Every structure is written in C-alpha cells, then in structure tokens.
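Structures incoming, each one as structure tokens.
First chain A sits with chain B, and in the next complex the same chain sits with chain C.
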Partner chain A sequence: MNGNFPIMRAIARIADIEEANSRQAQSRVAPALRLVVCIAAILLVSLSRNAAFVLLLIAVELVRMALLSPERIRRIVLRLPLPVLMTALLMLPAVFLGSPRSMLTVTMKVFCAVLLLAVLNEKLTWREVTGGLAALHLPPLVVLTLDTTVRFVVLLGRYSDRILEAVSLRRVGRKNWKNAATGGILGTTWLKSQQMAQANAEAMTCRCFAGVYKKRPNLAAAKDRKKELTANLAYALLLPALLVFFFYSQGLV
Partner chain B sequence: MQMDEIIRCQDVSFSYPGSGEKALDGVNLAIPRGCCAVLEGPNGCGKSTLFRILLGLDFPDRGSYCFDGVQITRKNMKDEAFAASFHKKIGFVFQNSEVQLFTDSVEHEIAFGLDQLGLPEEEVRAKTEQAILEFHLEKVRERAPFHISGGEQKRTAMAAVFAMEPLVIVLDEPLSGLDEEGQDFVRGLLKKKRDAGTTLVVATHSRELAEDLADLRIRMDRSHRIVDIG
Partner chain C sequence: MHIPDNYLSPQTCAVMTAAMVPVWGVCIKKVRRELSSKEIPMMGVGAAFSFLGMMFNVPLPGGTTGHAVGGTLIAMLLGPYAACICVSVALLLQALLFGDGGILSFGANCFNMAFVLPFVGWLTARALQKLVKAKTVRGRALCAAGGSYVGINAAALCTAIEFGIQPMLFRDAAGQALYCPYDLSVSIPAMMAGHLTVFGLAEAVFTGLIFAFVVKTSPEMEHQDAGTAKTSLPVRILLGALILAVPFGLLAQGTAWGEWGSDEIAATGAGYTPAGMANGIDFSSLLPDYSVAGLPDAVGYILSAAIGVAVLIIVFKLLPLGRRGESVS
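Moving on to the complex of A and B:
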C-alpha cells in the first residue's frame, strides 16, 4: 500500500492479529475468570500504598510475558511506552513540588496495569473477551454489540483494504489521487457497512433470532470439561493469593 | 389450495420503496411438499426479491403468499411467536455467505440456530457435531467464520441452516464462489436432501445443477414474471 492511509491499514491489520490469536492453542482457563483476576489485580495495584505489591505483580507479569512468542512480546513491549511516558510527564510537577516518590509510584502502577492488560490481551482473543463478559452476566445487548462491532471492524477493514488495492493499481499519472480517492473509499465502505448490517440482521432473523442473544452453549466434550474445571479451580486460587499478599504487603495482617 | 403444496404465491406483485419499477409482477407459484424447485432467470429479474417474500423479509404489495397453508403477512410476522415458528420451518442460505455468518466460531455458528430453537444443550451439541462431520468442518470448527476460506464459509452457512432441519430450504446461488470440488460436494448434498424429502427452492445460473436437481423448473425473465414452469 506504499505507506498510504495508515489508519485504514491499521484497521485491516486487526484481522491478521485476531486471526493469529485465534490460531493459538486455546487455554483451558475460562476467559471470565481471567478477566476477573485481571480486574482484581488492577484494583489492588491502584489501592496499594507501597511498592512491594506492585513490584511483585510486575515480576509475575514479566515472567508470563517471557513465556510468550517473540512476536507477542514485541507487541506487548510496543504498547507500554506511551502510557508510561504520558504518566511520567503528567506527574513531573510532583518532583519539583517535593514529592518525587509520587511520580515513581504512580508511573509504576500505570506500567503494571498496562502490562497486566497487554498480557491479558495476548492471552485472549476478542471473541473470548466478549464471551467472558457474557459469562459475567453483562447485558446480552452489550455483548451482541461488542461481538458485532469487532466483526464489522474486521470485515470493513478488509473491504476498504481491497478497494485501496484496486485504487492503487489504477492510479496512473495523477499525483493527488489520494485526496480524490479517500472520500470515495470511505463512502463506499459506509454504504457497504449498511448493506452488511441489514444482511446480518436478516440472517439472524432467518435463524429464529428474536432479540435475545443467548449465552453460547458449551460445546466442549465432557472429558475436556473436567480438565477445564481443574484448570479453572487452580486459576481461581490466584484471587485469594493476590488478596493475602496484598494485605500482607500493606501491613494489614 | 391443494393439501401437498407447501408454498403458494398468488398474483404476487412487489416494488421496493422509492422505486417506481415492479420487482415482481403478478407472480403465481405453487411448490409441492418434498419437491426441488429450481428458479432460473437473468440477473435482476426478481429471483432474490421472490426469495425475500418467501422468507417473510418483505411482503407483497398485491396478492398473497401462503406457507404450509397459512398466509404470511406483515401483521402476523410482527407476532414473535408466529415469526419464530415460521422461521423454524424455512431456512435460507445466502448467496454471499460472509454476511450470513455472525458468531465467534464455526461451531457456535452451527449451534446458534439450534440454540434459538430452544433445544436441550445435549441435543444442540450432538446436532452440531453431526453437522461438522457432514460438512467436513472439523479443521476449522474453532476458527472465526470470517477468517476461513470462501468454500468453508459456504459449507458453514449451509451446515448452520441444514442442522436446524427446516421443512423448506431456500438457497440463493449455492454454487457461486466454489471450486469444482466444492460444487460437487454441494450438488451431492442437495441431491441427498432432496431424496430425503426436504423441500428445496434453489436459484441458480447453472443449467447443469438445474438439470441434475429439479423436479420443477421455474423461469423468470426481465418482465419480473414467471414465464415458464415445467
């Protein structure tokens, strides 16, 4: 694409990342449980009044990150600098106002929270996240909206990428083709999105959908479900472990 | 109406809102139960519009459409229970499978309709497994439907509809976008379903498929009418 339209290219690339994620071996731990533990960890990091708890979590997450593939590690590392630098910048006045430790603590907490989310993001696909949210009894309409949104982002990203390719193959001798074509591509993509939304709604209606997005049936075999249960129980133990260490590190026990 | 007719359209005319032209003009059609009807005609002759009416997605401006002895109208399709029971009996495979698939994995796509029918989880699982095997989707069962190939998407869309075991299955261009192997598979499958007594309504540009399958050949032309039934 010769470096043109970086936003469109980025959107189209979501498809590849999602595909790569969905091809990884599926974890036996329930996405809902992963979400709960991650949210609890972020909350405890926010509430923590000293560095011990935060540092421990950073260490654990770095170990988990190290077990991932190089490509995934690269993606996580690329996500970290911006929020951390922004926080450091915003907290900079604290140093001059005589409270340098505040800057360090807050920046470290942000680093830990972003790291937790980035690792979670690599462990779960978007559809697992929405599945997890459904299992946590989020309103079905919200889950349906999230599911449909990501699907459309992927499909429309791919669609606009195809048009972009067609445009670049036909650009001959016109320097400002980019400006002329952008409106056309966006307009066509918008029209396509409307058509797709209508076809999608009709397909759902034809398969007896009456407005209630039910929880997805568990299609795992009974044997696999036993293994899943064991893995979930083991993972669930992380929650009390986190709480115990949090209270211990805060000197509350 | 004869007792063995499952679909009957009587003098059906339809125009899309805002369009002065008729998309269907006085269409009369009767399809017997267990019959394979093949609809042929040039692009833009009204095949897809007729399908939308058969599926209760649009309603005739004039004339009537009866399915299994019951008239399908805008008013009774607003009743959710009626609409659900109607869609339980008639399934639709879109020409463009990509827009028909909306769940997070192939197996959930197949299970979606079964789940909506309110079947017990064990039955949903058993029927899903059966459909996965029948349509050779074992390798892609856990993948997102929008990441699989066109042929696999078509098979997934068909599996999702066929697993619900409707009385009538409407297929719009079932061979489009398929390679030879895929076309042979679909052709064989449709023959099997026809022989098993499922009513099929198929729109196609393939003469070979029409000759292979059709108990009833329906031809439409650019006047948006049925010009030949035989």
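Moving on to the complex of A and C:
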C-alpha cells in the first residue's frame, strides 16, 4: 500500500504545477505555435547525427530556464534525472561494445527532449495545451479524451489520496486492514470515477458542450492584437531558423 | 592563469586544495550569515560575469594571451566571501565542462583566482576608497579598477611561484624537471610581464566599466543596498551582449603562458617534455576549449558562453531553496 504514496505525490505535484501555471501572466505567443515549435525541435533533435544541433538547443533551453523563478527551475531539474539516467543505463552496453560516443549522444538527445518538454510545461497550463491541440485541428474526440483523462487523473488521485489517508489512520490498532486496503481503494475509486463521468456528461449537456472545442473570439484591444501578432510572427521565425541551423549543422547545406 | 593538469605535482595540488578547504568553509559560513536567500541568485550573475570575463582573451606580443577574471568586481558588489564562492564555481564549471584549467590543479587555481585575487583586490579597493574618500560612482569605479589591477597581479605572482617551485622540488634521476620545467627566474618574469601591463589593464578596465554600469543601472545588486535583489533588465541585456561578443576573444591567437599542451611544451624552450606531463592524467571534457565539433569556433564559443552563464545562474538560483525557514519568490 505504501507503494501508492509516490504516485499520489506525483499526482499532487501535477495539480500544484497546474495551479502555479494558471497564476502566471499569459504569454502573447499562441500555445499552438509553442507546441509546433517544441514538437519540431524534438523531431529535429532525434534526427540529428551530431552533437552540434543538440548542444544549440540545450544552450537555448538552459538560457530560457535561467530566466525562470527558482521554484520553476527546481521543478524542471527534478524531472531530468530519471529519464536521463534510465537512458544512460540502457545505453551502457554500447560502451562495452566499443561505441561510447553512442551512449553520450543518445543520452544528450533524451536530456534535450525532456528539457524542451519540461520548459514548455512550465510555460503553458493544461488548458492552453488542449486549446493549442484543438487549434492544430486535432480530432475533437482525441482532444476531449486527452483533456478529461488528465483532469480525472488529478481528481481521482486526490480522491484516492484521501481514502488512503483514512485507511492508514484506521490501521492503528489490532485489526489488520492491510489486505483490504489496495482492493478497497481501487474499487471505491473506480465507483467514484463512474459517478464523476456521469456528472461530467451531465455538466457538458447543461453547458451545451458536445466535445467540440470552438475557437474563442479574440476580444483583446486592437493595440494588444498587434502586439500578439508581432510576438507570434517573431516566434514563428524560430521554425525556419531551427531548420536552417539543423541542415547547416548536419552538413546538408 | 588557469593551471592545467600535470604542470603541478600531485603533492602541490594536494597542499593547495587542503589550503582552500578552510577558505571555502569560512566563505560558505559567511555567505549564509550575511546574504539573504534573495541575494544568493545575484551570486550567479556575478559568477556569470567572471565566467564571461575569462573568455575574452587579450593578445600580447610574443604569442601569449591572457584574460580578465572579474573576482574584484564580484567582491565589490557582493563581498569577498561571495566572490570566492562565485569564482570557485565558475572555475569548476570551466574545468569539468570546457577543460579550461585542470581537475587536479583545481585547488591551486581556486587559491590564485578565487581567494588571493578577490581578497587582495577588495582590500586594496577599500583602502583606496578610504584614502581618496571616493563617494561618486566614477570614483568608486576607479578604486575598484585599481584594486582589481593589484588583485590580478597578486594572483599572477602566486601562480608564477607555484610554477617556479616545481623544478626545484621535483626532478628525475637525469636532473630533468618532472612537471613544469621553468624555475622562478623564468616563471615570475614571464607571468608578471603580461599581468603588470596588458592583462592587468584589461582586468582594471573590465572591473571599472562593469562596476560603474551595474551600480548605475542596478544599485540593488550592490551588497550594501541589497534586500530586494532581482536581476535588472539592463544587467540581463549586458550579459546577453557579452555572450554575443565573446568571439572577439578568439581574435587573440596563441596559448597563454603555462597553459600549453604536453605536445607543445618542448617547443616553448624547455627542449623536452617532462615525464610527469607525458604520463599525467588526461581528462577529456564535453566541450574542450569552448568549441563544438562541426561548428565554426565563433559559434562554439557563443554556445559555450551561453551554457556556462545559464548553468551558473541556475545553480545559484537553486542554492537558496536548500535553506530552511526562508522562502524564495
């Protein structure tokens, strides 16, 4: 049962990040554009055949990270070790097979990809991510499923955390609740999920939401819209810049 | 002034590291007591300035190069104890990531550049300030520049002595030096000639100009006024401009005195490669000599500068989170 604690902690952390991100001032750059640039960067990192392009992105992301608050930096740093160490461990045989460079290259690529995603995660709320996915014309069903899954993971996580706490308190004494605990918590959480799904469907009906994400009208003032447009155009220039540097660093130009 | 590995004997390196341990201990204790959690990230900015200052190589006739260190600048802004930690962390990063300065000789490099330089520079600058009763920004900047000139020369003298005592203490059966082959009669003039003239001047100009700029645009960064310290926009812009300008440091061709590779030392006048250098440790860093394979030197230099500055700021921003009982926003 104690094995559930790390999961609960991870879920609580997701909820905290969502809350913290929602408090920060909204960026002028469209979330969809940020997503596209991030996905393109990760794709190019995986395609690169040398360290030059990967190092460039690591440098850029480290500079962006250095501009964040200490709390945000800590969250990013805490996310990095596990995937990087796992990759290094998986690639360890390459060192003994006479290709130590492969281990370094792949580990560096994983580090770069996780860093890109972690910084993106600090810049966007989940609401903005789903909005961005909808703006990219992903099928509404896929966006809705993704959206509700993440939200319910957080909600049900909090719910099961509370049950876990209650059961842990009852364990004090003679009666052994250990065996009943895991099955009981999972079963109750399952029943709760059914109720919540039902409530969610009813709430959707009441708000005339059929799972189709409509684009919100831009109510910003004309001056702000100009600033948004300039910011988006400047950010969009990153895409050709990334491609040019990629082809240059790979010796394709 | 970065002593590479194998120039000093392991015994000398051990003594220098042992000498630095209590210094680091005292500095950490003093910084924890004197600087609040909000001020510690400022140390990252200071370390970043020092790191960038060391990337601007200045040439000297004869093919050697040198650079500013910026230790006195940090000491004037945040105090000498914080300067010692900042320069030590910058030197560690340079040694591990960029292969600039040795791993074994890290203690010796810290003694010269992180301890002697900021403390001597700071004491001299303070004495000058009292002597001329400097109150204006320009006056204080001139005092800081004067202090930094004395500081870097004191550090260079220590480095020259460390080099020069090697052939006196460590020789093989044939009478050849095991490590640095040049004795005090060569090392002191060679090191001091450059530092008393061009490199000392470069350190003084770097310290004076940046001190005046920071005090004018971001007075809260100065130790005495700190409390709500936050990196101001002009300081960020200055850091960005310095990162983009680091390729100017590549214009200086040649290797600094005492920083040659083991394959170069025989041709410098020694006539042979000392055994301790030929068979010494060889640490290969991720970005050797601030270069990236497959990219022009200038681009590699900028990338190295950006990575170095970002890592230093991140490290010093994370440090206060380890403190208990204080919140960082």
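Observations on the model:
Everything below uses one rule, namely that the second predicted complex is superposed on the first by the 193 of 253 C-alpha atoms of A that agree within 3 Å, B and C clash if a C-alpha of one lies under 4 Å from a C-alpha of the other, contacts with A are read in each partner's own complex, and residues count from 1 in each chain.
Note that contacts are C-beta pairs under 8 Å (C-beta built on N, C-alpha and C of every residue); 3 or more make two chains touch, one makes a residue touch a chain.
The structure presented is a predicted model; accordingly, all values stated were derived computationally and were not measured.
Contact with neither chain B nor chain C is seen for A:Glu228 once the two complexes are overlaid on the shared chain.
Measured by the number of chain A residues touched, the leading partner among chain B and chain C is B.
Legend: residue contacts after superposition of the two complexes on their common chain; A:Met196 is shown touching chain B, with no touch to chain C.
In the superposition on chain A, contact of A:Cys206 is made with chain B only, not with chain C.
When both complexes are overlaid on chain A, the residue A:Ile58 reaches chain C alone and has no touch with chain B. In the superposed pair of complexes, A:Leu155 makes contact with chain B only, with no contact to chain C.
In the superposed model, A:Arg127 makes contact with chain B only, not with chain C. Applying the stated touch rule to the two superposed structures, the chain B and chain C interfaces on chain A have no residue in common.
Considering their complex, residues 50-52, 55-56, 58-60, 62-63, 65-67, 69-71, 73-74, 77, 249, 251 of chain A touch chain C.
Within the complex formed with chain A, the residues of chain B that make contact are 55, 57, 80, 83-84, 87-88, 90-92, 94, 96, 98-105, 107-108, 111-113, 115-117, 121, 124-125, 128, 142-144, 146-147, 160-161, 164.
Note for the complex: chain C touches chain A at residues 41, 44, 236, 287, 292-295, 303, 306-307, 309-311, 313-314, 317-318, 320-321, 328-329. Those residues of chain A that touch chain B in the shared complex are 15, 18-19, 22-23, 26, 127, 130-131, 147-148, 151, 154-155, 195-196, 199-200, 202-211, 214, 216-219.
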